[in-house]
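Below is one structure, written out as structure tokens; comments come after it.
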Amino acid sequence: MPFGRQRKEFPSHLWTQCPTCAEMLFNKQLARNNMVCTKCEHHFRLGARERIELLADKGSFTEHDVDLTSGDPLGFTDQKPYPQRIQQSQAKSGEKDAAICGTVRIDENQVELAVMDFDFMGGSMGSVVGEKLTRAGERALANRTPLIIVSSSGGARMQEGTLSLMQMAKILGALHRLDEAGLPYVSVVTDPTTGGVLASFASLGDIILAEPNALIGFSGARVTSETIGEKLPKGFQRAEFVLAHGFVDQVVPRAQLRERLAYFLNAFRPSARDLRWSL
Amino acid sequence: MPFGRQRKEFPSHLWTQCPTCAEMLFNKQLARNNMVCTKCEHHFRLGARERIELLADKGSFTEHDVDLTSGDPLGFTDQKPYPQRIQQSQAKSGEKDAAICGTVRIDENQVELAVMDFDFMGGSMGSVVGEKLTRAGERALANRTPLIIVSSSGGARMQEGTLSLMQMAKILGALHRLDEAGLPYVSVVTDPTTGGVLASFASLGDIILAEPNALIGFSGARVTSETIGEKLPKGFQRAEFVLAHGFVDQVVPRAQLRERLAYFLNAFRPSARDLRWSL
Amino acid sequence: MDVVDRILGTKKTADSNGHAPVDSGLITDLAALTTQRTPWQSVQLARELKRPHSIEVINGVFDKFEELHGDRGYRDDPAVVGGIAELEGVGPVVVVAQQRGSTTEENIARSFGMPYPEGYRKAIRLYRMAEKFHLPLVTLVDTPGAYPGPEAEERGQAEAIAKSISTMCGLQTPIVAVILGEGGSGGALSLAVGDVVLALQNAIYSVISPEGAAAILWRSATEAEKAANALKLAASDLLRLGIVDGLIPEPAGGAHTDSAATIAAIKTAIVAQVDHLGRVPIADLLSARYERYRHIGTVVEPLAGIAPAPKTEPFWRRIMRGI
Amino acid sequence: MDVVDRILGTKKTADSNGHAPVDSGLITDLAALTTQRTPWQSVQLARELKRPHSIEVINGVFDKFEELHGDRGYRDDPAVVGGIAELEGVGPVVVVAQQRGSTTEENIARSFGMPYPEGYRKAIRLYRMAEKFHLPLVTLVDTPGAYPGPEAEERGQAEAIAKSISTMCGLQTPIVAVILGEGGSGGALSLAVGDVVLALQNAIYSVISPEGAAAILWRSATEAEKAANALKLAASDLLRLGIVDGLIPEPAGGAHTDSAATIAAIKTAIVAQVDHLGRVPIADLLSARYERYRHIGTVVEPLAGIAPAPKTEPFWRRIMRGI
């Protein structure tokens, strides 16, 4: 918004400018359109609760592990103590940590759904995210239902040090059991998904769906760019780039995400035929 | 051999010139050195019988399927009829077809060994090669022993048309059963191994060993070069090139091949430990 | 052979359930072939630019095709198209196909239907998905062969083909393969190992292109017609040799003269075969699949008697026809 | 817990067979740490150019190492070294390690021990080989992290790391992982999922390099020492947190002051652990491996009671020590 005049005409609590087409969008309308620009279909980030609203059959969401919160196993302090960061994030977001998990129905399929919340400390994965996603996987295994994880994260949470790193192995251990049991796991990768989250569960779905233009990469583009000391290819680490390189199945516009998930869940649902096959 | 004088001094039934270092090698000495140049270690092609001699414990070779010969299922004639080509190759080589199979011991390990013979119609794979290798795999499965195939082939035999192509699936079917039974299969790739032989059993060993400088490629370099209309990279489709690209485990000089095979066979031999693990 | 009996028993149950005979709409008897073409004419028809190609066939045969992309290792290869689709009366299946273009641009984008290693690795990933979720696998074959360029060599064209064939040999789900047009050597076989392998009436399937064989064996590319005759690469030859199990009839002028009718015939054939195979216990299916390839080829064994190509129908074709 | 009892029972049998205690030569009690260094000193020692690196350790610990090459898909990555070797008193094992250089040339050739995706894919292939032939797996970890360049991104660095971790989680053979020097984030974890994870006394293992954390959290790379303290990345911290199960003692001046003594200590530790794990039924091993990672981390659950990090030794460390 380069001009003061615009700023007055479009106060930010009412209007948002689209970073792609520069259109000024009325916030309420943007929210009604699931945070997708009505002019150019630019996908803004979507909050975790709104994501669940978007995907789950109406009223079908039962949340689990609501009150799981973080400890401070390392006594970590950078510019402020870790517990203080947590409290501030909790106060700001109204959430306890960076993942919300629950049982839902999607087109009548019972599913465990876990959604990461980038607004909570950049969606970073510490022990709470690790524990909640692992439990979601274990519930899916116990109930023999599919699991869907919607990722949005800067990676592992530095404030829990190597314990955060271990969450990758913890979650993948649960996903491995799910896979061995023949249960579907669908990974939905949204903007941005990087670091240890991409290098674990986000990259291993039976089906991997990404949102348009989402940033998807292991190393930050800054690090990567410094490594080679030159400019990166166009579209580097964007969803369409990652699709062309073979790492996601589809780039799905948000408006179609729910029906697409429903399609795969229905396709993977065990049929009467399976009983005969196990003879 | 550019000079007439040399030709007289080194008659070809007594001497061979090394294509790498140009040294004139006394044939008997070359044979005694397993067809490896005594000066530069250039690996000449080695006949199938000599290969068996090189690899098997002395006197341990029991040949199977000796008298299996080719039919002429298509009534194939190019510049001469297929049966006539077969007969001429048999007369020239003293072998019935392009693979020799038997049970051997290598450092006391009982193994099924199959060796392809490039001298017989370019080592081409028709129904006889397919049948003999499949039986070798089935014998290994029945006896619960490892299987070693030494490849040297221009690919599938054109004179048996699509039936030759089907031998790839036939052999891989047997190898798949071997793999599921947890039995080792070692592929030894020698000069040259191309086409449908490389695109089936030669590329799928638990361990893949290649001889130095062996030509190893799917498409002929001529075809490949025509496709891009330019010169190919140096060392293209040679063993060391294929090693660098990740498709063979080791390039092994012929003098070490026997001990190397023995090493892997011993490493893969089931131990008493395995019984406990299956608890 | 008890596997055969069990499978035939399954077939009878299917019939008495009111299903159509599994070979309905298929040519399994060479005497029923009304149009006789030379192999060279088949080569031309199989390569006809306007012949219905895989995506058109997928959209006509299946409902709600959702394409899935990528090999999870290097690239999404547009020469191989795969995904999940609904098959009428059967349910969801996995479809994997080679796609050549109908225009020059599409052909360039899809490298003329010649897959790179990553195309075969995408196929393998989808085969495993079919196995995990117990979905039947349908493959459509239409390729001049695997891409022969140096990059394909560097990334392991041979390894990718070998692993694809090997994976299909042991895949624990029914597989129906259909040769739509050109079945070019190992690059085709890597999608064509199946419990039932069908071919369109004018499809070809060969160990080498007739041009390639002519260049090598006749030392002249202009002898391609001669080579086509010698190679026995026409669908009717393949049926006789036991390499394919049935032919899908094409309109009199060839598939490209009536795509809709061709695709309808393909659909009828696929539905019948997938439905039938879905009733067979998977262990029996894997035994029969092994035996199917195990017995292809002609060898002479003087001391043990002669074992030439079967003069009667091979047993797997009887299984298919339920007789 | 019956898995624990069964594993401890296995251990007793081993002891009564005259074997040394499995934790012989290991530091499993922090009070036994005689040398106290700051985390930042550990960082320096872990990265010391003359510190014994993987190939030197492999050659000292094992006999007859035969290196195996390649990922069967793209390239042989020299930053990952793997193969088969003999372990004294145990038999053949599979070894997979990251190799950083001791000279600038070697470091360039091996990209400073930072694997590309094909390095992890080679590792996965060797893990599967270990599983197929029932060979114990020993991994040696020493890397600043996975290579962060654009080519590594394009070929799926994240996917390769994820699949490597996942494969180790379910691998049906015993795994002993040893952090030799620097354990850099996901690039290290992808070789370090094990039944027993050991670290050299001055090794480090961190979610991010201290320099990286300083740049992000303190907005100044010069605060790396502060970050090293905060991250609890030193071996003694990792032991306390239950991330590693035992420390391998180094000579007083650090491993580089006496490579031979260091390697001897590594050998003693690996032999004892592999021998012990080889006696445990594989199903028990997989349960314990799952539980090992399942319980790492600290969460507070107000309604269901608090589940903080275990104050007593975690059970898998008891299993290792057989008490």
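Chains here go by letter, A, B, C and D, matching the order in which they are written, and residues are numbered from 1 within each.
Note that a residue touches a chain if its C-beta (ideal position, glycine included) is under 8 Å from a C-beta of that chain, and two chains touch if they have at least 3 such contacts.
Predicted model only: the values in this text are computed from it and were never measured.
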Centre-to-centre distance between chain C and chain A (centres being mean Cα positions), rounded to whole Å: 40
Rounded Å distance between chain A and chain D, as computed from the means of their C-alpha atoms: 30
Chain C: positions in contact with at least two other chains: 72-74, 155-156, 159
Per-residue multi-chain contacts in chain B, two or more chains: 245-247
Arrangement of touching chains [line / ring / star / complete / other]: other
Touching chain combinations (by label order): A-C, A-D, B-C, B-D, C-D
Chain A partner contacts - residues on chain D that touch it in the complex: 146-150, 152-159, 161-163, 165-166, 168-170, 185-186, 189-190, 193, 205-208, 213, 216-218, 227, 230-233, 238, 241, 243, 289-290, 293-294, 296-304, 308-309
In the complex with chain C, residue positions of chain B that touch it: 65, 67-74, 76-79, 126-128, 130-131, 134, 156-158, 160-170, 172-177, 180, 195-196, 198-204, 217-219, 223-224, 227-228, 232-233, 236-237, 245-247
Chain B - residues contacting chain D, complex: 179, 182, 184, 206-207, 243-250, 260, 263-264, 266-268, 270-271, 273-274, 276-279
Chain C - residues contacting chain D, complex: 72-74, 117, 121, 155-156, 159
Footprint of chain A on chain C - complex, ascending: 64, 66-76, 84, 91-92, 118, 122, 129, 132-135, 173, 278-279, 281-283
